[in-house]
Amino acid sequence: MFMNLLGKQLKLGFRDKSNIFWTLMFPVLLGTLFYIAFGSIYDTFLQEPVKTAVVFETDNPEVISNTKSFLEGLSLNDGSTKLLDISYLEYSEAEALLKDDEKVNGIIKVADTGRLSLDIYSNGVRSTIQQNVVTSYNQSLELIERTAKDHPENLADVIAGLQKDTSHIAAKSLVGDNKDPFLTYFYSLLSMTALFASLSSLKIGNRSQANMSAVGARANVSPVRRMMFQATGFVSSYIVQTVVLEIALLYMMFVLKINFGGDKPLILATAALASLVGVSLGFFIGNIGSFRIEKKEGILVAVTLVGCSLSGLMYGDMKAIITEHCPIVNKLNPAAVISDAFYCLNMFGPGERYLQTVIFMLGISSVFIILGLVLGRKVSYDSV
Amino acid sequence: MIVFKTFFKVLKEYKVSLIMYLSITIAVICILSSVGSGGNTAYSSISQGLVIVDNDRSEVSKGLISYLGNVNTILEGDYTSDQITDMLYYTRISNYLVIPEGFGAAFLEGKTSNLKVESTKNAGARMGYSVETEMESYFRLTSGYLKGGYSFAEADSFARESLANTDDVQIVAENKVADEKVFVVFQYLPYGILTLLLSAIFPVLLRFGSSLLSKRTGISSYPAYKKQTMLTLASATTTGIFTVFLIIIASSLSGEAFSDRWWLIIIDVLVLAVTVAMTIVALSNFRIKPEAASGITNLVSLSFCFLGGIFVPLEYIGNTAKAIGQFLPTYWYSEAMQRIKNGSGFGDIVNCLLIQLMFGIMILVIGLLVGKHNVKKAE
Amino acid sequence: MAEKIVEVKNLVKRYKELIALDNFNMEIEKGEVFGLLGPNGSGKTTTINCILSLLNYNNGEIKVFGEKMKNDRYDIKKKIGIVMQNVAVFDELNVYENIDYFCGLYIQDKQTRKQYVEDAIKFVGLENFTKFKPKKLSGGLLRRLNIACGIAHKPELIIMDEPTVAVDPQSRNKILEGITELNKNGATIIYTSHYMEEVEQICTHILIMDKGKNVAEGTSDELKRSIKNTENVIVDIKKLDDRHVEAIGKLNHVYDVKYMSDRLMIKCAGGRHNISHVIDYFAQNSIDYDRIYSELPTLNDVFLEITGTSLRDQEA
């Protein structure tokens, strides 16, 4: 009986085209969109030099050659990337380009004294970098001038020290596989897809309760136990939704080439667990009361969207902000826990923190399933 | 009038999703405005969060911490290494610094080759580099002044004096100091406008347009143009009510109203709302099942917001996305906001407004043509 | 005495203030086509839902196949088939798959089930539509699919709740023939409807319910005999004065006269020559008329008289 019914339920699940369309199209379309929007940011941040216009307000050849060699010598990533993308221009040209943010991020003016000054249009990451260049250059200038005045005997030492470029910092990078913070958006997207799986399992209750649908009434007068409907419905819904979620995940991993970090099979297993959370949630809601299925769908969409907005679907730092101000919300929000599971896997590997998210996902799923079963146990109705 | 009234009766059916989107919008705006101005655009050097562990407690380490504290926010407290990783990952802090014991003494002797300040940063975020640069500048200058024969106290004070000098940097935009709150709040408003209008007007128009119902009204004695007018009027009323409501909420959260730039922002908001309404009317002409409305609401609102720089500043978005975004009204909404923030007047943002309206009109024309085609096909 | 398939005793069902079933009693014997007749809202579907243990009831006792019916009596449920008022099928499955699904809830053996499903398809005449999804079917065909889903497992008791609502005459005849055939093959059938002709045509025993009560029961003939009305005389006549209408009403055995739309309806209770009395009256008064004929009361008359009476009783 179980296998027969399961087979039929699976057939129903895979034929529910609108459900599959939405649960699959959502992550695929939005994932592609995120990829277009953020896919290259991580690289751009590291590799793209800041576009800078340099304007000489002096004819002093010594000043010109000194600043040129200083500015052009600046590099990032151990010399592999230039820090600034310099074009030497007249001020009027440079100013026109500056107003069009794309072309030039700032204008460095070189004065007769050798001092640099910077014109920017608005503050931002790029102008801060230019600012650092300008001020550090001017600071060195001040140091040399002051020493020459107070302690001229030490001037040679000072200049030698400046040229020696001693580092006082041992730079360490953050652990973890892919440190791109924009990965948060993909995590949230996966949570959303997993929770939207609930829209499919919502129908289990609906199809097995006589007071919710005509099909449910027919199921109730048949000699098959309610439990059997619930169980086969749940398993088939879980299979369908997991397949859909894994396809979406594989698309992100292999077509969009998003590096989620960590062990690939484990990422897929985490997705399977996430879909269990979604399916159990829908199973639970589907068995509550006898109000219209459209209303229940509304509740699920609300739970999913509110949860995902709190886990950072719309604003990436949201989860971090909540962790700081009200951490309990993140612990109870299924969307946050799912996205946290992927995050932990990436940053810390399959360790204790990852295990905690796994336990939570299993726990919350069992709670939903048990509640659903208890509520769905009802044997006859006051009204049909 | 019956059509107008019925529009709102049907609309009432969708109150659950309206309340949901309204609360998401308000919650996001509230959280963002309470967190304060976003770090990306503050005046002068960008302030970073730092966690510093000082194992040295020397003159030098105290000098460094006090210097970094002037520019950045140093977070106090004991954090676990996981918490540090989290904070770095989400760019809540840019660096985690450990000053080793004996660092100060070694620095004063000019021998720090083995004893260095450990700096952990998120390699993906450039902010970490800028803090390291700040530190290196401080060390470079103080060690320079030490070599020049000054005491550490003198060296520290000269270095700071030099480092504090920001006269070399000039913002050429007219409006130099911007109070950010109003921009943070209104930057996110389009998500509210999109989701509220889509979940209110769209399904109702689809209901009215569904084949059986439109057949039934089509054969009634109620003229088609009148029905269309009433539906348009009802959509416009809904747009007006929701937009004004959102503006009131956003203004009270940002604590700003009726200033010159506030009016400019409001014009931007209103233009976007009208454009969105036109888009919805256009969409309702495509044969879409009312059941699909909620999915489309999500898809349209999220993609418009991401590609239009509503959720993530345009500065961070890839070039391909920007190229696509330019075809969306939300992109020009953000662009206009950016210009208002830089102190532009109405003359400078009028292009952005016109492009938004153009988008609306274009898609409306397409929608109406498709609608007409569908009607013909049905005949 | 024939075996009792369904016994309902003193059944009471309340929806808050409303009393849906008011000490309702019913007995159905094996082999009957049992018609449950009543106006909308009289409690027919509620009765059926109670018999099926879909609904809780406030009082009373229900036995099916001689045993107390409960929701977990799967052995009893196995022998029941139900054709619901609402079409209960999956839009995602085609005709064959839908029938197979519901039959599969009762019949485990694949080979047997295949045969049963095919029998059911032939029975409702959907042979040419097996691959069609429900949305592609016309209203009549959809009803037939709904029936096939309910009876494919060859149940001993079949409950049909208004299976012919919104069905074209061709499909309706097909359905009615089918029901008779099912009955011939040994199934006991409960049939609810508010189409009198259908019930009169196929039912061997009829129960009329109103306001949740059993107001009359018996065979069609018994019911007709039980009412006051024994004969209706109908006259097509263009013009008739009120005084003549009044005078006709005073003729022997006549208890009700109505004149409207050029037609005179005369209800008679008893008497053998009622039509000639009317003809005589017209001759005596030199009144011209087009056509005159006499009819026996139909189930419709029974129904109107019984439910109408009980309505009047309630008002009083």
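For reference, chains read A, B and C in written order, and residue numbers begin at 1 within each chain.
In this section, a contact is a pair of C-beta atoms (placed from the backbone, for glycine too) under 8 Å apart; a residue touches a chain by one contact, two chains touch by 3 or more.
All of these numbers come straight from a predicted model, not from anything done at the bench.
Set against the Cα centre of subunit A, the chain with the most distant centre is C.
The interface with the largest number of contacting C-beta pairs joins chains A-B.
Centre-to-centre separation of subunit A and subunit C, using mean CA positions: 64 Å.
Centroids built from CA atoms put subunit C at 67 Å from subunit B. Centre-to-centre separation of subunit A and subunit B, using mean CA positions: 15 Å.
In the complex of the two chains, the subunit A residues touching subunit B come out as 18, 22, 25-26, 29-30, 33-34, 36-42, 44-46, 76, 95, 98, 115-125, 127-129, 131-132, 134-136, 138-140, 142-143, 146-147, 150-151, 153-155, 157-158, 161-162, 166-176, 179-181, 184, 295, 297-299, 301-302, 305-306, 309-310, 313-324, 343, 347-348, 353. Interface residues of subunit A, counted against subunit C in their complex, comprise 1, 4-5, 8, 11-12, 15-16, 210, 213-215, 217-225, 379-384. Residues 15, 49, 52-56, 71-72, 74-75, 77-78, 80, 82, 84, 86-90, 92-93, 97, 100-102, 104-106, 108, 149-150 of subunit C touch subunit A in their complex. Those residues of subunit B whose C-beta lies close enough to touch subunit A in the complex are 16-17, 20-21, 23-24, 27-28, 31-32, 35, 40-46, 82, 85-92, 107, 112-113, 116-127, 129-130, 132-137, 139-141, 143-145, 147-150, 158-159, 162-163, 165-173, 188, 191, 291-292, 294-295, 298-299, 302-303, 305-307, 311-312, 315-321, 324, 338, 341-342.
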